[in-house]
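Two complexes come next, and they have one chain in common, chain A, joined by chain B in the first and chain C in the second.
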Partner chain A sequence: MQQPPQQERSPTEFLSNVIGRPVVVKLNSGVDYRGILSCLDGYMNIALEQTEEWVNGQLKNKYGDAFIRGNNVLYISADKTRKREPLNIQ
Partner chain B sequence: MASATNSTNQLLPLELIDKCIGSKIWVIMKSEKEFTGTLLGFDDYVNMVLEDVTEYENTPEGRKTTHLDQILLNGNNITMLIPGGEEYLLQATPLTSQQITKLSSFLTKQIKRSLRLSLNTMIFYYLICFYTL
Partner chain C sequence: MTEETHNAPVEPNAVEGPLDLVRLSLDERIYVKLRGDRELHGKLHVLLLFPAYDGHLNMVLGDVEETITVVEINEETYEEVIRNITVLESQWNFTSEKNTSNEERR
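Take a look at the complex of A and B:
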């Protein structure tokens, strides 16, 4: 009770915060998927846009949209910057 | 006892982790992987939100490190959580070449000194023997 209010963020809060942001999703196999996170659920099932597949630090493939089944996900990583306005691309 | 939650002097495992929120923590995975970072939160599955994370991957070629701003780590593959972060890891890191040179020069000095001492005593005893004879 005496503790100062900390910047506690639960996993569900994190999930709602990262939607629409560029993320890196690492799978248990070691493969990285970089893209814009369009939506996800509590199972960590993920839909990515503008996805890039990185294997051993090398870009292997690009997908417009990708669905990743949650059981394969090791972590979802996002930049610290708070929600940014989407880039103006004509 | 089942009434452990009510006892004041006993701390449940997840209460310990709850106390770590806001401070550094070290996460060891099932595979040859480790993470350290500031714990922001976790849930019942021990999925964890970490900030300023360093990912360590132990491979036969050596340890690979990656820095990550903020991650949601899947709890499924976590084996151990250690409050305090990477200060424990630092103890386990091998010596730098500079430290090794310092240590080896110190040891050679010590060995030379002890050799010189034993040589001196040998000469001393030899002389004593020589004179008594």
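Take a look at the complex of A and C:
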């Protein structure tokens, strides 16, 4: 019966704001993937560019493009520590 | 009741999805990271014009090499020894795999 106020900030809005920007994607395994968020879908499948794989705070690998299957994703966070690259996705 | 439940896509007319990245990797050698410290290198096939993957990320790969990484502890020195074991080397089409955790185009 409660009508929640129309919130300006929804998860969807957060995600669309963060597309094309540096993000940290943490997986359920605890591994972090840092890169530019190219796109994602409703399953949280994610395509990243300029990806870095961080395990226990250590850089383990770099990938040009990476696809992350959505079931593994714990969260997506905006990465403010990384300089924003001039990338226009669309 | 709620109208917004159907609005799954982030952009209404966004043709680009993450799976397009996989589509762009067709006919290329890819690296697939799996659960349990296993990884595959192989070529993502196109079978009779049909792409050899689906929305579950089932994939058909060719010329596959599967590697399992194990960490062993040396009983004398207690050092951690990282061993990479090549499990599978196929010359031809093989393998459908699920539970991919990460996939990268090479």
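Assorted remarks:
Convention: the second predicted complex is superposed on the first by the 71 of 90 C-alpha atoms of A that agree within 3 Å, B and C clash if a C-alpha of one lies under 4 Å from a C-alpha of the other, contacts with A are read in each partner's own complex, and residues count from 1 in each chain.
Methods note: contacts are C-beta pairs under 8 Å (C-beta built on N, C-alpha and C of every residue); 3 or more make two chains touch, one makes a residue touch a chain.
Fair warning: this is a prediction, and the values are worked out from it, not measured in the lab.
By the touch criterion defined above, A:79 reaches chain B but does not reach chain C.
Contacts of A:12 after superposition on the shared chain: both chain B and chain C are touched. Contact with chain C, but none with chain B, is seen for A:47 once the two complexes are overlaid on the shared chain.
By the touch criterion defined above, A:29 lies against chain C but remains apart from chain B after alignment on the C-alpha atoms of chain A. When the two complexes are overlaid on their common chain A, residue A:39 makes contact with chain C while staying clear of chain B.
Of the two partner chains placed by the overlay, only chain C lies in contact with A:69; chain B stays clear of it.
Comparing the two interfaces of chain A, the one with chain B and the one with chain C have residues 12, 15 in common.
Those residues of chain A that touch chain C in the shared complex are 12, 15-16, 19, 27, 29, 33, 38-42, 45-47, 51, 53, 63-69, 72, 89-90.
Chain contact summary for the complex, chain C toward chain A: residues 7-11, 14, 16-22, 31, 57, 99-105. Within the complex, the chain B residues that touch chain A are 21-22, 31, 40-43, 47-49, 51, 53, 68-74, 76-77. Against chain B, in their complex, chain A makes its touches with residues 6-15, 18, 24, 28, 44, 71, 73-80.
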